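Chain lettering (A, B, C, D, E and F) follows the sequence in which the chains are written, and residue indices restart at 1 in each chain.
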Amino acid sequence: MTEEKTMVTAENGNRILKRRDLIRTWLRWICWAQRCYNYERLMGLGFCQAISAVIEKLFPDKEERAAALSRHMRFFNTENNWGAMILGATVALEEERAMGHSVTTDVIDSMKNALMGPLAGIGDSITQSIVKVILLGVSIELAVQGNVLGPVLYLAGFTVYALAVSYITFFSGYRMGRGAATKLLASSSTKSLTDALKIVSMIVIGALAAGNIKVNTIAAGTFGGSEVVLQNVLDSICPKLLPLGVLALVIYLLKNKRKSSVFILITLFVIGFALTFLNFLG
Amino acid sequence: MTEEKTMVTAENGNRILKRRDLIRTWLRWICWAQRCYNYERLMGLGFCQAISAVIEKLFPDKEERAAALSRHMRFFNTENNWGAMILGATVALEEERAMGHSVTTDVIDSMKNALMGPLAGIGDSITQSIVKVILLGVSIELAVQGNVLGPVLYLAGFTVYALAVSYITFFSGYRMGRGAATKLLASSSTKSLTDALKIVSMIVIGALAAGNIKVNTIAAGTFGGSEVVLQNVLDSICPKLLPLGVLALVIYLLKNKRKSSVFILITLFVIGFALTFLNFLG
Amino acid sequence: MTEEKTMVTAENGNRILKRRDLIRTWLRWICWAQRCYNYERLMGLGFCQAISAVIEKLFPDKEERAAALSRHMRFFNTENNWGAMILGATVALEEERAMGHSVTTDVIDSMKNALMGPLAGIGDSITQSIVKVILLGVSIELAVQGNVLGPVLYLAGFTVYALAVSYITFFSGYRMGRGAATKLLASSSTKSLTDALKIVSMIVIGALAAGNIKVNTIAAGTFGGSEVVLQNVLDSICPKLLPLGVLALVIYLLKNKRKSSVFILITLFVIGFALTFLNFLG
Amino acid sequence: MNHVVLALVIAFITWYVATAMPMFLRWSCYLGGPLVGGFVCGILFGDITYGLEVGATIQLAYLGAIAVGGTLPSELAIAGYLGTALTMSAGLSAEAGLTVAVALGSLGLLCRNAYMTLNSIVVHKADQYAAEGNARMVRLMNQYGSQVVPFLCYFIPGFLAMYFGSQAIESLMAVIPAKVITALGVTGGLIPALGIGLLLTYVWDKRFLPYAFIGFFLVAYLNLSIMFIAILGACIAVLYMFAADRREDSK
Amino acid sequence: MNHVVLALVIAFITWYVATAMPMFLRWSCYLGGPLVGGFVCGILFGDITYGLEVGATIQLAYLGAIAVGGTLPSELAIAGYLGTALTMSAGLSAEAGLTVAVALGSLGLLCRNAYMTLNSIVVHKADQYAAEGNARMVRLMNQYGSQVVPFLCYFIPGFLAMYFGSQAIESLMAVIPAKVITALGVTGGLIPALGIGLLLTYVWDKRFLPYAFIGFFLVAYLNLSIMFIAILGACIAVLYMFAADRREDSK
Amino acid sequence: MNHVVLALVIAFITWYVATAMPMFLRWSCYLGGPLVGGFVCGILFGDITYGLEVGATIQLAYLGAIAVGGTLPSELAIAGYLGTALTMSAGLSAEAGLTVAVALGSLGLLCRNAYMTLNSIVVHKADQYAAEGNARMVRLMNQYGSQVVPFLCYFIPGFLAMYFGSQAIESLMAVIPAKVITALGVTGGLIPALGIGLLLTYVWDKRFLPYAFIGFFLVAYLNLSIMFIAILGACIAVLYMFAADRREDSK
């Protein structure tokens, strides 16, 4: 902590970039990094736009500027929010290079390449499997009740998350330079944070399953003279057994049989139609 | 794991017994091991019946067969399901002996003697104090509501348990021979499994207590002009205080005073009659 | 444990004080130690009264007795219940001194001084922040419902606590002499006991907050043609958000801004009046 | 069903459960005797709800019954099947039935001790066949020889109790004062404490006692179903196992 | 009860709780002053429900009151006993009574400071007796000498406040606009946040904060009773202790 | 709103969410497409409740949709915005709408693949400007050049589908037998299992599986709200973190 602080102060003296340069770079990233999305370079051009103003300021010389822009046009892809850390670190290194420190372009390029994968990994799982799920879970429940707060909460929550995470990672990337992500990825509290997020995620997913998978049997028969409604029998053992069964089937197909979503979708259609026509579900 | 696998394969080549011999032995055990139950030998004769076909196959010579049958007629007692492991191991050793390996009858007999106690210990507590309790707890609740699923679930659950456990232990006993039970009893996950089962058991027992011990006082009096019903007063502090008290008394008598069940039964009768005639309970 | 026991027995032979002397000393402490409360000596005179009979018995010589009484008139302050341990230890040391063992008055006085702070610390937090809170929490809930058991339970519970703790600490102080409190304060189970008490306390405080801070907004407006009641909107996100907000504000002022209770009281009055007159609360 | 036939059927079932059933069914049908007995008698008497109620009430007293080393605190086949049947044919309340069953269960230990002792004869016969190397006869001894004494010990007293008992109990009940009936009911509410108390002392582990309290108060305050509590408990238990294994590993 | 007698009784109780009670009762009756005061006044005024409501409401503001090193944030004997009594005799709502009690409690610190300072005189007298070795007189000083000043400091102002106060408050309330009454009620709902906030900062432990949230939301969503939550908390706490001790051991 | 205008607006929104939005909004509006789309269409069609119902139902099928490495299992802008709008304008039930949306989402991958491939052209143009050191034109390429192809790929098919589609679907629905409608409804209840199953396999961690069961049964038995469960989960998670950190430290 203290070490890092002194580092920052020590370097601050000769810094070329102002805070507004950094803010603008971050804003361009978080707004337009996927604007020209394409299979060839993915976020490559977006990265270049984001860093372009910094490059203009650091390298007034046209040759140098052209070379730098071209280098940052290359293939680039990472997670939208956490990946801002790489941009921050790149800006810091380009600045050091402009200030004449011994940073080569090779170092910069290989850092970009080395970090984009790991940050995509951690970022994707947190953003899409965890934060999104919890927000969607709460919001869908409200929406189903016809409450407009559902989508509003979801949008507000996700937006705050995206802006906050990208801001923090961008600036810590800038402050710590190359070491930033390495540190982040190695820290044991990232591990226990991910574990903790998984716990919330798991419990919310379980709750979503019970609330949203809807299967009721309409089967009934007479047993010992009196009518027996199968659904009541199942409920007296434990409610929501059929939804649990369907979910178990899907997970079995996904994990053990490694079936695709499309296959499962079709399976569910077939099951739904077959059991409806057999008067089992309804 | 791998070690054990290779062991099996290595020996498989010359095995005399077929899978059906083993299945039949297991079946005879799990069906008839307590058929001729008696204080002198307990499951001795049952054990002998179970292993008899194996003995016939392994020792065609009449002398040898008679000796083997007589040896397996001795006193034997263990837990019905987990104890099948000893039978499995005995079969394996008898087979090795028949195949001419250096296994003496002494080794076999002392293994049987050494293992029957520990397996009875672990088996009795899991089968009777834990599995039975959880199944009964759930089933009694249903039965009290007049739901036939109560006994049906109980019978189905217990039967699956008995067949599955005995099958698995019998065959792992056979595969691992002498070492089987020793390994089982020493493993740390047996320990944490027992702990885990205890947790479920404890919570279910607590729930059973609150749901099934029924004590209500009918005492009432006037206090400051208004009528006070004692049961309401107790409930406002905390519901089910009296059942908790009765349970605490029984546990105190059992654990601290080491009283017998019969003594406690009589005590409960005396309390029940006395407090009813005193118009305290009703 | 055994060590301590033998110590007691070993010394018992020549003890001058009888059990009734000790009981009377403890009773005087627990009844009158704060009777002549004052800023100059706090519990000084109370301590002296408590130990006075012991001094009379141990030091029949008037000079010695006068000196001892004067020494125990000095400033003294600790927690009412846990602090009885110091009295117990002091009695033991004075007795040893009277029996001619090498205990100087200096040792006694400095022990009193050394222990009164730590025992006040541990005692105050357990008695006032934990035990009191749990008892009050449960009792207020009953009282709010008009149930007289509220105050009755509170008084009974607190009284049992006070008598039991002081009795136990006094006598263990007497038995273990000087080492008592040192041992207590160092033991790791005191630490985990405090932790455990904190857990109960925390959960009860949280429950108290939700049940007893009462804030409801009466704001309403029309949104898209239909009337929207703000309180309903908030409740559909999560109930009791406003009370949580007020509590968060108070804690922020207390912990981060280090404001006094009086300041916060005034703040709450100002907020209450302002928002009522603005027709936001009501 | 004709009273004689009924008595025959009940006596038969009692014997079958007590000694003849396949072992994998035996402990479930035996230790859960009253519950299963209530079900079976419910079907036989054509009133399943009544049967289940009586069976479940009696079962609670035997929750803690454990068969260890061949010994047993009560003869559960008799308490469970004969007891339930007698209760139902006399039309008693479940609580009164509990008293009947408990009494019968204790008496029944006589039957049990008789066959557990006398079956030695069969074993000695089997010893002879074993010494001759005659495996088949050893098996026959275990299969059929073993059932001679038990059949006499359970079937005959069972039939007699069933044939004469219900009448006797009915007349008895008719003369008992109302207050005693109430007291029997009250006692019936207390007796499950014995079964549960026994259980708790078997499973006793100070470290896990708080779970018993959690279970207790979840029912006392929220009236949750046992199945739900068992599921919750299982989830906690699995989390505990993983944590314990991790601790082991990190050592 | 006659108004004069009532005023005398309340004044007496206020003094007794403030300084004269046996110490083992003192902190419970003092720190829980409003709760106990509400109970006592409920009996005296013949309306226990009203008394309990007023007392419980006032108590919430003092949940976090802690007496450390002889200092106190408010004079709880006066807030709790005199405050409740005045509120009830003026027939105020519990929320309005809270305002009255809080104000009185602050004023009451004057009484407290007076006797805490002046009692030094008694102590110095006791010093003399000690120096003479006269243990009996030392005890008499503590027992009786100690109560002269407190009696004057609590009994007299208590009596006067009670005798004249309720009338004054009633007239005051009559002229206050309805909106202000509402605002007092609203503020009365906010003030428990202070008591609870103080408590939370005393017990503060980042590691256990989630438990506070659990408690909060168990009430917010499920409206569970505090007793149940306290029992649950205790079970968790005991499980925690065993786990912590095990960790210790395994080191 | 006029049908043409409506078709134009929906087509516009579909394009905008698919490729033009600021990135910090994009993933939320895209991965949560149906939910947000239901809301937006609810406003546009003047029936928010209906919109929310349709949107939430469709969203459940896509709970597990994850955009990794530029690939996607379905075109969520089309399923979410166009799908919801078509469902609503044809007046279908939410379950029938789910079928429509899922079909559209799969078709929509064509649009997506088209622009993801063709946008390379823009990038190569930008390469030239970069080589000239012309940062401004590089930015213009990313900002505007990038939108030419996507606009064609989403806006035009979107408009056509919206303009002609609702009529077509309505006529189709009119001839479908009732049993098929029921079956669609039943299937609509099953499909969330796919979304939830996908999610669970992504987050899969054997150690934490019991929490999924706890969540499941808390809803199944007690019907608790997701927000409450999420709060509970968060509290447990924080307790877990502190415990894990402590374990780390003590190593």
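Assume a residue touches a chain if its C-beta (ideal position, glycine included) is under 8 Å from a C-beta of that chain, and two chains touch if they have at least 3 such contacts.
Not measured: the values here are computed from a predicted model.
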Smallest number of contact steps required from chain B to reach chain F: 2
Comparison of A-F and C-F by number of C-beta pairs in contact, larger one: A-F
Same-residue or different-residue interface between chain E and chain F, half as cut-off: different
Interchain centroid distance [CA atoms averaged], chain D/chain F, Å: 58
Mean-CA-position distance for chain D and chain A (Å): 58
Gap in Å, rounded to a whole number, between the CA centres of chain D and chain C: 53
Per-residue multi-chain contacts in chain F, two or more chains: 48, 209, 211, 213-214, 217, 221, 224-225, 227-228, 231-232, 234, 236, 238
Numbers and ranges of chain A residues touching at least 2 other chains: 147, 237-238
Touching residues on chain F, where the partner in the complex is chain E: 224-225, 228, 231-232, 234-236, 238-239, 242, 250
Residues of chain C touching chain F in the complex: 224, 237-238
Interface residues, chain A side, partner chain C - complex: 142, 145, 147, 149, 153
Chain D-touching residues of chain B, taken from the complex the two chains share: 29-42, 44-46, 48-49, 52-53, 55-56, 62-63, 65-66, 69-70, 73, 77, 80-81, 120, 124-125, 127-130, 132-141, 143-144, 146-148, 150-152, 154-155, 158-159, 162-163, 166, 188-189, 191-193, 195-215, 238-240, 243-244, 246-247, 249-251, 253-255, 261-262, 264-265, 268-269, 271-273, 275-277, 281-282
Complex contacts: residues of chain A adjacent to chain B: 233, 236-237
